[in-house]
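Two complexes, one shared chain (chain A), two partners (chain B, chain C).
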Partner chain A sequence: MAAPLLEIDDLRVGIRSNAAAEILRGVSLTIERGETLAVVGESGCGKSLTSLSVMGLLPDGLEKRGGTIRFEGAILPITDNEAMRRIRGRRIGMVFQEPMAALNPVFTIGDQVAEVILEHEAVSRADAMARVVDLLARVGLPDPAQIAREHPHRLSGGQRQRVVIAMALACRPDLLIADEPTTALDVTVQAQIMRLLQELQRDLGIAILLITHNLGLVAQVADRVAVMYAGRKVEEAATAGLFAAPQHPYTRGLLAATPRPGRRRAGEPPLTEIPGVVPSVTELLSGCRFRPRCAFAGDVCASVDPAFGGRVACHFPQTVELVPGVVT
Partner chain B sequence: MTALLSVRDLHCSFETTRGTVHAVRGVSLDLAPGETLALVGESGCGKTTLARCILGLQKPDSGEIRLGGDNLVGLSRREARRYRPRMQCVFQDPFSSLTPRRRVEDLIREPLDVQGIGTPAERRRKTAELMERVGLRPDWGRRFPHEFSGGQRQRIGIARALSLRPSVLICDEPVSALDVSVQAQIINLLWELQRDMGLSYLFITHDLMLVENFADRVAMMYQGRIVEEGPAQEIWRNPQHAFTQSLIDAIPIPDPNVPMGSGRAAFSA
Partner chain C sequence: MSFARALLRNWTMALGIVLLAAVFLMALTANFVFPGDPYDMVGPPLMWPGEYEGALLGTDSLGRDIAAGIFYGSRVSLLVGFSSVAVAMIVGVLVGAFAGFYGGWVDDVLMRVTELFQTIPQFMLAIVVVAVLGPSIGVIIVSLAIVSWPAVARLVRGEFLVLRDRAYVHGCIVAGMGDLRIIFRQILPNAAPVIIVMSTILVATAILMESALSFLGFGDPNVLTWGTMIGMGRSQLRDAWYIIAIPGVALLLTALALNLVGEGLNDLLNPRLRQRKA
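Right after this comes the complex of A and B.
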């Protein structure tokens, strides 16, 4: 059997100045060619740090403490910036939340997309520019030749995100990492961008690692879902199975807290809360990190951090199936 | 129905380098006592400008804003100050709305100090009560805003807004920056406060799905106008305006059985 496209095995990342503080506490994920894996969780759970690790872009002050990341079976040299530069943009494309942060305001759109191609491929500037116009058309921008001559500030937020997607796809990567790609956009524009990503995936066969907190998007576009909490993967399942019968109490809590139409009951609080907050990285807590917020926790949860056993990392996984649409 | 807050044919425009922008084009709204009215629209639709007009932070071109029958449009700053305690606001980013170098108890007490309500001892006691009411431990009062999480900071913002016992809270995207579990905590807190204190909320948001779970009525704002208005659940079940229909269809429903682009089907799924 061929190796998975991306395989993260027991990845550990910590704060350099604090030996006790571990932000990623043994994360394992795999992505096959052409599939969409969604990584969900609330802020501080480590989902963005996982994607930054894959790209070799660990923020200053953090260090890799262990584990491996393999791409097509070969170990990714994530601490070797020179080597990673040849992989980023060519084999792995990236789309972030803020398109303006990825675009340089003083260069034209055409120059910036062409630069990605020229960085990785031995082609002439004229050939690169011709490809840029094709790419801009491919991501659904009207009058691509004109857009190529514009500066970023002349474009709307949705158009800018299309340009960033064109840059990410310029060298036909196998994996696209999309970290909250539509969070800054209006919901109608979000739908257009997600539809575009799905179309491109179908036509080009790219795999997508979608980092998001939006369970609605996950339900609609992901093949599989990994739920992260406090630096660990706590549940992973095919999308339909995860929404129909979530097993980890955190997954159930997330689904219950998410607004959805038709669930309102007169005289009752509008939403279902998860009590408490995500523990901070420096908070020392024995056993399961979700325990203080969990309604199902027992004695063992205080002493033993549950291992991930195929589907879930929990001593008391819940097995009652949820009636579709009525998450309680 | 006697409206507590009533907006009539409000217009507001700005001069920009690209010409005149008519942000609010003849908006009328009524907010009843104890009611939550959601004002929903996408970025640039004019909803924040409308809120700024209501709060007296932006001067409208024409129209009326009535609070308990009195028109606030055209009042001098000094006259407008008398109405301030009755209408308070909660913003999206509690951190940027809290002075970072003041202790939390001082921030919550500040409106009471400014309005000179009660003795200093009474104001301190009132502050402790407010903190408890919004789910903050009163002994955290000596801490600074940066020591609190986003959800706790929003609780601080709510306590401060409630200090003068307003009848209307203008909430501008109060939970948009929060995680879903914390969003649920804050929405439920607002619901409880309304139940116990009879507050009215003008709840400004882009999130129609949240509103379906929380508001009594919804006003849909598009290009400076209210294009549709009705009970929250009715709007979702039976949207009339093309903008409302396209917005609902675009909302991703957290249910894999509802395909992308068919939000209106969520009720039948």
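Right after this comes the complex of A and C.
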């Protein structure tokens, strides 16, 4: 079997000035070619940091403490900025959350997208421009030649996000990391952007690492879901399985806190919240990090941090299925 | 919004541009209007403006034409003002851009050096440089550039600190763009408005400082400048005040013109104001 497209193995990232503080505590994720993996979790769980690590863009003050990231079987030199620069944009593209601020206000759309192509490939400006117009058409923008001549402030949020996606795809990467790609957009536009990503994935065969806290989005588009909590993966499963029978108490909590139409009629309990907050990285906590917020915690949870066993990292995985037939 | 219409709405900037154009015109036509050397004696000394036909703005204590001095002096003022600021801009933008973009120890080192220059009073530093290297136009330009660049560096650094965390800069980084490309092609154009506005103010400051140097006798002795004229007219202050008043007014109007243009450009280029209008 060929190596997976991206393989993160036991990635550990900590704060340089504090040897005890670890933000990523052994994250392992695998993405195959052409698949969509969703990473979900509350703010501060390390979702975005995981993706930044893949790009070799650890924020100042953080350091990699261990683990490997392999891309097509070869170890990514994530601490070597020059080597990573040839991978960023060309092999791995990335889309951020804020489309309103994601484009440089002083340049035309065409110039900005062309700049990415010119950075990586030895093509003439005219050729790059021609490709830009193709790309803009590809991401579903009407009258791409015209839009290439516009400045960003003339575009709507959804149009800008399409441009940002076009930029991320300009050099035909194999992997697209989408960090909350639709959070800042109107609901109707959100759906359009996600549909666009799915189409592009189908046509171009790119893999997508989707980082989000929108579980509705996950249910629609992801092949597999990894749930992260306090710098660790606590559960991973195929999307349908995870929604039908979440095993980790945290996953169950997330799902119970997700509004969905028809939920009351289906006989589900009303929305519940997970008590407490994600523990801070400097908080010294023995055993399972979710224990203080968990309704199922026993004595063992206070002493032993549960290992990830194929599906879930929990001493007391829940096996009762949620009400069947409500998986969207 | 056309440039001409914006100018009409902003009459102070239009006034500044007219004054500045007049100074440039004087500098360009000095040779044709006053073919001789401005140091030449053209008539009796201490003629008040209008008193002697050969010198419209009067003559100084040695019978030199004050109008000729004003025309030739404008050349020096503009040359020194714009060249020194050009040099200061290049140094200041480079230092500020790298300090602001990279942060960390690069920022620490560059900013400490910048502060070192700022702790010495500007004018004192300029005098020291001229005193050590000898008075010539080139040295004066260098000395004024040396005292002007720290302000540019700090301004540019501040802009870069803000701009480097914009989402589009992050976008360029994840697109694998090189640092230099990001600094000069992505961030610098966004910082350009404030830099341009500051440069006009700095030119005014540099012109005033050049005059002050000349007044104190640190100017290039081979060229006549407004500061030299004021310095030489000093002794006649009580009986012939026009000798220093006329170059003084020329200085004042030039500095005022540059400030008006700078303020007008600020209104035109400031992205926040521009967006409000759009």
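The criterion applied here is as follows: the second predicted complex is superposed on the first by the 314 of 328 C-alpha atoms of A that agree within 3 Å, B and C clash if a C-alpha of one lies under 4 Å from a C-alpha of the other, contacts with A are read in each partner's own complex, and residues count from 1 in each chain.
Definition applied: a contact is a pair of C-beta atoms (placed from the backbone, for glycine too) under 8 Å apart; a residue touches a chain by one contact, two chains touch by 3 or more.
Everything quoted here is computed from the prediction, not taken from an experiment.
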Which superposed partner A:A130 touches (first chain B, second chain C, both, neither): neither
First, second, both or neither for A:R90, with chain B first and chain C second: second
Residues of chain A touched, compared between chain B and chain C (which is higher): B
Which of chain B and chain C A:F107 touches, first, second, both or neither: second
Chain B versus chain C as contact partner of A:H120, first or second or both or neither: second
First, second, both or neither for A:V221, with chain B first and chain C second: first
Partner chain(s) touched by A:T258 [first = chain B, second = chain C, both, neither]: first
Contacts of A:D60 with chain B and chain C, given as first, second, both or neither: second
Common interface residues of chain A - those touching chain B in one complex and chain C in the other: none
Partner chain A, residues of chain C touching it in the complex: 103-104, 166-168, 170-178, 181, 185-186, 189-190, 192, 271, 275, 278
Contacting residues of chain B [partner chain A, same complex]: 42-43, 149, 151-152, 179-185, 187-188, 191-192, 206-210, 212-214, 233, 236, 246-247, 249-261, 263, 266-267, 269
In the complex, chain A residues that touch chain C: 55, 57, 60, 84-90, 93-94, 96-98, 101-107, 112, 115-116, 119-120, 153, 164, 167-168, 170
Residue ranges of chain A in contact with chain B within the complex: 42-43, 157, 186-188, 190-191, 194-195, 198, 213-221, 239-240, 243, 253-255, 257-264, 269-275, 277-278, 324-325
